[in-house]
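A single structure is presented below for examination.
Chain IDs A, B, C and D follow the sequence of writing; residue 1 opens each chain.
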């Protein structure tokens, strides 16, 4: 008989984390009405309610059904409604129609969350045997990291949805602004970095996604990297200099997007003559729609909501380029570097290819990352919308090059 | 000083009608959650909340702003949000994005309705001069008839929206069914009608839409018309006889729609192997999704939700044809005829062309009907979703030939 | 034994007509290279070569295969390639891909024509029995009228194809222009017409299409009709007066087309700043691309290549309307009326609905007209591209309201 | 005075090469009629005639206009018609409408080629000064390599065009087949390759495209690579094993393409029940449409016309993966390796990203390669359609992952 239970402290910690992460999702949804949480403004985005239910379905499917003895599924129909893209789990509701799911109601989704939360708590209480723990613990970790990814999407998706409303309503009121010092953004500085073999990718026992592994050696040429992100004021100069009218700055697909979509500035920027500003008392200069509503452009803030195409065109205009994902990772702890995380995801000049020796997770989670490894670009760092503690220096975020609804910006690099 | 107020009884009656019609809209929305009332399932359909606001905006725009002294607009932004298609009133929110308007909230729309209702009541109270009355009264009549049209759309649009949910939720529970006698639908009978000159169109002082006028003479050939509508059981025989696989029965555009859209039966019919029936305990035979949810097909009930193409193909299969709108109107009071109104709109073999001498209403209302007179077909009668008292024998409803989300069926005719 | 052969003269005449019509198709194609005759510039248009082959296939299919004993099909694969829309005759090459048929070559299509022409000649030679003649003769008539319809399409389709070439090449050089007198277009005059019952539709033994029958009575209100067509100079005034910027002039679908397609003038008009005019030495004013290439707009010539939407908007702007097809037909021989045929097809305010008692032809030809009787508008008269002798006062041409590649114009009418 | 002319032999050689390459383009077009050479079967493909003119325009634009004194442009309009994608050279004919250019005729394009060929010959004759030679020679080299790329496209594009014709005509008759021994494809063997730093990319003075540079070090892990390409018989086993029905084998975008496009086999394979085989006397088993028409599938021949998605799915099914482009390049001269060039382009698991330190060519040629470096995958080797002498071990071909009209196959690799 094993009187010592070494897993219990870990279980306590995991239970706390579970409760905290799950509560945070609801806190993010709290400023939104049931109507707000129901709609879908484009196929790439999902309703808040759907995120709340889908993350719950993920725990139910990968954790409770296989591992919680006697678990009773909350509603058999939910597997169809809230499966996102797992082919192995059968057919599912078409992604572009997620906004039509007025039923189940938001209240029922809340009840679904409580049902699953209680079952997970019970499972954790009973998981005293080592063998249980070894399967349960990493699955819960995966589920929590999965939910954190959707927490960021809750914010980026609702921002897009609210931006489609001509009233431009705020997600939540801005906090009372403190005294804002007239600050000049410090000039960007180039940090020189040596070439050579570096180790990249995730190592160690802590959680990571499969796409960050295996850790491996990569070979770099000497390069320089900017000490901070490109800011909105600098990006406004690019616009003023005709950046959106000069094909020579753009990749071919990027220029096609500029013309087909009529891009003239980042998606949430509003020119002074925008008719939607009538009711917002805006004065001269760019206004920007964000989670706190319409506010004057902050020149020193990192520019966000860029597509890869725009990031690359800006870099070309600036006589520089984007860093590769390994240059970025190798510079993560460089002296003097700043804004590596918590401000904006940073487009890299690296396509989202598998690492040498990459193997996806087994089981259902095999579909988590690997099957998306074509046609996308890697972003590094994390944004102001990323939950605290979620990202890592080896973290690989990825989006198609035309995606603009994330908090995505850029950091410059150049050859030495 | 005018001691006699001949308009007062009419004003009282109009006030009562106004209150009744306005209340009925809210009653229709009552079974729906705020989420249900917010969504839009296709560009042709609109959210319930939008209907509630748009009909209110109509009164505000054509009645209160021109005629109610000192009227204060509820919200200046609503003109942009809730204008449907009136070019003369400036730009408006794109129709396919009506489902993204989570703001104003349903509560705010309710407040908007109260605000306008009160202003109309005040206007009616003060309208004792004859001159006022002559302009106010027909405008209110128009607004009420407009709102009734949207009442029918509230039902047809929400039915479509709920049909997009794989759970197939009911708009409202069916009333407890009474004893249902095993009834055989009586055989359809042909009623012979003479040819000659008939008067068609609206006459008299009572309200009608402009498209029903002027009343004029039309020349008919002798014909026969069915005494009742085609019912669902008969339509099921058409399907069983390969109706959807035989191009010779279809108009060219209809056959193209059959192939491109994969039509095999009316849109809300569910074949026994439909996966959505898993949770509905359905047995063999066709099931039909309706306002009361999924229920077994009722053979004797008029078939509904047909496109014009399907109605015309059925008639061809039956060795008959559709009546023209004037044949229909001339047979309205024929002895032995039934189901002329209150069951299903009846596709006619008449394109929606202007009547000889037709002139649209003046002002904003000029855009009400006339500009749609191309590419559509006339439907006559009214449906189970039409508000009581709304339709007339001269009433001309119209939809494009592929429209299937209305309660639209058919009555057969043939040459004599 | 029947020594007298009353059909021979008719047979001789039919043989002559057959040869003349068949030769005319080749003459129309003669100015075009094999490349020109191969391409397809939009799904609605067909390559010249396809027209040459399809009209031949029509004779092969409805005449030779059923009636010419021992006829040997030229190439079994052609039934698939050159069937246009006859569902009863099996699957066929997709319409939008007709321009990909480089094989059979133009030479092979010429051989196909010779093969069929010879077989028809042989059939005519042998057709001395009365019974043969009664079936053969109307079928040949139908085939010849069918080919004449395609002769007009050869011209309108190649005009569209050549207009897609930035070089704007002419179909054929203009004849040396004679002395052109400075002529003022005579002012348009209104011709008053009585109401009452008129007979419309085709009567008699001469050929007509099924859609012109049965002849029947129609009831008209008194009206006025213009003595000539609207000309290009008048249409230019409509443009100059903002006709394409004023939604109140347009039907709703028309205004949508104006905005979606960016219509600013008729399709083959070139504004003075059109970059394609660089190589054409054009001076100020509108230029028009036509079968003779780019030439200055002729103010007195009837405006052509209008959609129904544009015709209706012009009429609205002019304070008039389009005539119904029966008003047009009843005015056909009115004293003082001109330009009824041979200039431009004339959009009417009549949807293409079946006549009372209409029955399509039997057999394959049942699909000739009837199945298109929805969503189109009737045009009356004939155009400069219509073969001589093809049209009749009862002739019903029809196109969808957005069609612009025909020689389609308008004549005004108004209520009295 | 420079009596020695060291450039002359090089000039002679270049003149010979110029004539040979230019003649080869015409030879490739020779089996095709003017009609064949005019059409365009999809936006990605171009007409043969367009290729003939565009490659000529390239010489005119980058060589003759800047460097040949007194050169007279053949036709000023051709710059608009035959510019492919060079933004710096102004607007151009829309790519999807290249098939509508019946004018200039094929004969005129031949005259255009002669005009430019003569001017290049004259330029070469006069180019005796060293300075001339240094600019002229690499520009001609670029033009010739450019034309060779289009020679391959002439074949792949016409194959696609002919495949759209239900008659499935052959580009040219197959040579009389020699005695074909019943051969068993030798079993594929794995070649083990070490990891470590390798040099990749182009080095030396010989011609290469800019995207192959700069030569640089890359770091490999140990791996194994197949000694030959996957052949058609092996691919047929993948199909028979349900390869196109098993989502777990596919990348997410690939599976979406399978479903949306209905992919069931490579694009030019014909199943035994394909209706187009009626006239081809085919027997049981797969048939394949190729440049020689319809022929039975050759099991031992490398499979071609795969998309990247299909190549990756096959590799997954085979328990292997695709090689990276550097693994491929490092194995180029490995003992025992075969089919590295001249059979099929080989999809790699490398996105088409810029090499470290990459800079595009200057001038117009800057748009040649660099602007396409996103969203595409690298293919290595060369195909049976690649002109002799065109490719190199460092050559980087690239196409979007869904492209199927090239002779693209795969070679397996795996981790060690």
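Keep in mind that, in the parts below, a residue touches a chain if its C-beta (ideal position, glycine included) is under 8 Å from a C-beta of that chain, and two chains touch if they have at least 3 such contacts.
In UniProt terms the chains read A, B, C, D = Ergothioneine biosynthesis protein EgtB.
Everything numeric here is computed off the predicted structure, so don't read it as measured data.
On the document's contact criterion, could you list the chains that touch chain C and likewise touch chain D?
The common neighbours do not exist; no chain touches both.
Taking each chain's centre as its mean C-alpha position, how far apart are chain A and chain C in Å?
Taking the mean C-alpha position of each chain, the two centres sit 59 Å apart.
Which whole number of Å gives the spacing of the CA centres of chain B and chain C?
One centre to the other, that is 38 Å.
Between chain A and chain B, what's the gap in Å when you average each chain's C-alpha atoms?
46
Hunt down the residues of chain C that sit against at least two other chains at once, touch-wise.
As it turns out, chain C has no residue touching two or more other chains.
Output every touching chain pair, sorted by label.
According to the stated criterion, the contacting chain pairs are A-B, A-D, B-C, C-D.
How about chain A: which of its residues touch chain D in the complex?
These residues of chain A touch chain D: 85, 87-88, 197, 216-221, 247-248, 250-255, 308-309, 312, 324, 349-354, 356-357, 366, 371-375, 377, 401, 415.
For chain A, which residues are in contact with chain B within the complex?
Per the touch definition, chain A meets chain B at residues 33-36, 38-39, 41, 76-77, 80-81, 91, 93, 97, 99-106, 161, 164-167, 169, 275, 279.
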